[in-house]
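First up is the structure itself, then whatever we jot down about it.
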Amino acid sequence: MTRVGLIRLAVIVAMIGALELACQTGLIRHQTIIAPSEMATSLYALLASGAINADIERTLGIIVIVIAVSIALGFALGLVIHALPRLREALDPLFATYYAVPIFIFYPVLIAIFGLSPIPIVLIGVATAVVAMIIATLNGLDRVPRVLTKVARVHRLDAVTAAMTLQLPAAAPYLFTGVKLSVSYGFIAVIAAEFILSPAGLGRDIADAYSDFNNRRMYALILFLLIVATVVNTVLHALDVRWAERRSGGRT
Amino acid sequence: MNAVARDIHAQLSAVTRIFPGAGNQPPVNALGPIDLDLRKGEFFAIVGPSGCGKSTFLEVLAGLQRPTAGTVTFEGKPVSGEVAEGIGVVFQEDASFPWLTVWDNAAFGLRRSGVADAEVRRRVDDALAFMGLKDFARAYPSQLSGGMRQRVCISRTLVLQPRLILLDEPFGALDAQTRLLMGDEVLRLWRSTGATVLLITHALDEAAMLADRVGAMSARPGRFIEIIDTGWPRERDSKIVAEPAFGEITGRLWDRLRGESLKALGHAGMTTTAAG
Amino acid sequence: MTATRRATDTLIIAAVVLVVWKILHEIAGSTALPAPLATMAYLVHLVPTTRFTENAAATLQAFSLALLLAYGIGLAIGVWMGAHRLSGAVGEPILVVIYSLPKITLYPVVLLIFGLGISGKVAFGAMHGILPVALLTMGAIRAIPQVYLRAARTLHLSSWQTITTVLLPAALPEVFTGLRIGFTVTLLGVLLGEMFASKLGLGSMIMSDMSLAQSEDMVTVAIILFVFAAIANALLLWIEHRLHRRV
C-alpha cells in the first residue's frame, strides 16, 4: 500500500479508536452512541440469527431492481435522445435542472397514488437514478470520435456491428460513470424512501429501532447498510478510476 | 578592472542547484557549477537540450530558487530568496490572469507597488501600445491567441520598468513563423528599454538570431560548454537569418550541443541508434 | 437552432408534462393526484395562509442556517485540503466515499445528538452540503496553475495580496460550482429531516398531508419547493456561467 494509503488507514483506525474510547469511558452516553465494538457484535448477532434476512432480501432486492431498470432504461432513452437532436435540445434545460430540485419530495405523492407498497419506492428510486444514466449515455455517445464512424463505413460494417464493436467500447468509460452514479443514487433513494415511510425493509427497521430506543439494533442496521454501500461504491469507484485513464485519451 | 566591474549587471559564481530526492529517490543534480557575468544592456541567450537546467538557471538568477552552493548577485547586491526589484520575468506557461482584462492584467503588478494612478495609466497605455495590444485593452485573455497572451504577460513585466528581463522559453507554444516575428518584438523591446535581457530557448536559430552572446548549456547537470559571441549589430531583426554568419553560428552551436542532446535523450530512457 | 424554435419546443415539452399529469389524474382519482388546473388554483389560495407561511418560514430558517454552516465548514476543509497536498491526498477518497453514502441512515444518530428541534434539521442539512463544497473547493485550489504563484512573486506581491488577488479569483469559478451543488443537497437534507421527524416545516407539511389524504395541498407544496429550487439553481447557474466565461 502506498504511503498515503497507509496514512489514510491510520487516520480511519484512529477515528474509530477514538470513538470506541469515548464510548467506553462514558464520554459519550450509551443512549446517544454505542461503541463501535458493540455495533459490530450486535450486527454479527443479528445476521447470525437470521432475524433480518427477510428485510435484507427485500431492501437489496428493491435496490437491485431500481439499479437494473435505471441503467437499462437510462441507456435506452439516452440512445433515443441522442439520435434525435431536436428532442435533446428541448430536454436540455430539464437535464440541467433535474438534480437541482428535490425529486424525492414527490415520494409521498407516489404513495398517495400507488399505496404503501414497493412500487412507489421503485418509482422514486428509478426517477432519481435514471437521469444520471441518460446524461452519461449522452455524454458517452458524444465522445465517440467521429473518425470511428468513418472507420466503420470503410470496413462496411452494419449498424449493429458498428455499435457493438466500435461505438460501445468507445463510450464505455462514460457509460460506466453513469452506472456508478445510478448505483449510488439508487441506494440513497431506496433507503431514504424506506426510512421515511415503508411497510418493511432495512430503512423501516432503522426507523423502528430509533422510535423503540433500541440503540443496539439501530446501530447494527446502520453499520450494515453503511458497510454494504461503502463496499459497492468503493469497488465501482476503483473501476471508474481505471477507466478514467481511457477517458483522458490514454495520456496520464 | 573597475570599469569592467561596473559593466557587470548580474553575476553567478560557482552556482550549483541540487534538488533533494523525493522519497527513496537520489538527489537530482540539476545545475552547475555555473560561472557567468551578465553585462549591462546585453542580450544573452541560453540554449541547451530539454531538462538540462535552463529554467532552473533562470529561477536561481531571478531569486525564485536558492542555489545549493555559490553566490548570485544583481547590481552588486546578493540575490536571496525573493525576486529583487528591477528584475522582470516572463514564464513559459501562460501566466495571464483570465479573470482580468488585458489592461488590468498589465496594470496588475504596478498597481500594487504604490505608484500613482495617473502614472499607472500612462505606463500601462504605453506598454500596451508598444506590444500592439492597444485595441484589445478591454478584452479577456481567453479571447486572445497564445501569442497575444504572452504579449500581455510581457506588458505586465514591462510596466514595472525592469532593468533585467528574464524570458523562459516564452515562445515555446507558438508556431515557427510567429516565433520569428515575436523575436523581432523582443529585439525592439530590448533596444527601446535598454534593459539587459536573458532569453532561454531550446531553438538554436532563435538564440543565434537574437543574442549578443549565446551560452550553450550541457545536458544535466547544466554547465556552459561554450559562450559564443555573435557580434551582431544592435539594430538587427529576423532578416539576419539570411546572413552567412548566422549559418556559422548555428552550425557551431549544434556542433557543441549535438552530443549533449543525445545524452539528454538517453536520460529520458530512450536508446540511441548506432551512429551511421 | 433559433431561439423561437427552442422556446416552442420547451412549451411542447411543458404541454406534454401537463397532459401526462392530467391522464394520471384521471386514472388515479383526485384523492390521489389532483388535476393540473385545480392545483394551480389551489396554489394561489394556499400561499397567503398563515399555515403555509409559518411552515415555509421554518424551512427557510433551518435551510439558511444549514447553508451557512455547509459553506463555512466546507470552504475551510476544501481550502485546507487543497493547499496542503498530503491532507488532500489522504482525505479526498474518504470524502468521496461519504458523499456517495445514503446519509439518511445517519439521521437517527443526528437526532440523538442534536435532539428533535431545529438543530437536528440544520445539522443534517449541513452534513449534506459540506461535502460538495469541500470537494470542489479542494479541486479548484489544486487546479490553480503553478505559474500564477511564480508570477505573483515576480510581481512582488505579499502573501496576503497573492491569496486575495490571485488565488481567490483563480479558484472562484469552480468553488462557486461547489456552492451551487451544496445549495441543492443542503435543501434536500433539510427537507428529508423534516419529512421524517418534525412538526414544523414544508417537508413535514407534505407528510401530514399524505396521512390526511390532502393530496391537493401535498402536490402544491411539492411544486412550490420544486419551483423554488429550480429558480434558485438557474440563478446560481447564470452566475456560475459568467464566472466561467472569463476563464
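As written, the chain order gives the labels A, B and C, with residue 1 at the start of each chain.
Note that in this section a residue touches a chain if its C-beta (ideal position, glycine included) is under 8 Å from a C-beta of that chain, and two chains touch if they have at least 3 such contacts.
Since the structure is predicted, the reported quantities are computational estimates derived from the model, not experimental observations.
The touch graph of these protein chains is an open line. Centrality by C-alpha centroid: the chain sitting nearest the overall protein C-alpha mean is C.
With centres set at the average Cα position, the gap from chain B to chain C is 49 Å. Inter-chain spacing, taken between the CA centroids of chain A and chain C, is 19 Å. Chain A and chain B have Cα centroids lying 53 Å from one another. Multi-chain contact residues of chain A (touching two or more other chains): none found. Partner chain C is touched in their complex by these residues of chain B: 59, 62, 64, 82-83, 85, 87-89, 91-95, 97-100, 108-109, 112-113, 140, 142, 153, 156-157, 160. Contacts from chain C toward chain B in the complex involve residues 145-148, 150-151, 153-157, 161, 165-166, 169-170, 172, 245-247. Those residues of chain A lying in contact with chain C across their complex are 4, 7-8, 11-12, 31-33, 86, 89-91, 93-94, 96-97, 99-102, 104-106, 108-109, 111-113, 184, 187-188, 191-192, 195-197, 203, 206-207, 209-210, 215, 218, 221-222, 225-226, 229-230, 233-234, 237. Within the complex, the chain C residues that touch chain A are 1, 6, 9-10, 12-13, 24, 28, 31-33, 86, 89-91, 93-94, 96-97, 100-109, 111-113, 184, 187-188, 191-192, 195-196, 203, 206-207, 209-210, 213, 215, 218-219, 222, 225-226, 229-230, 232-234, 237.
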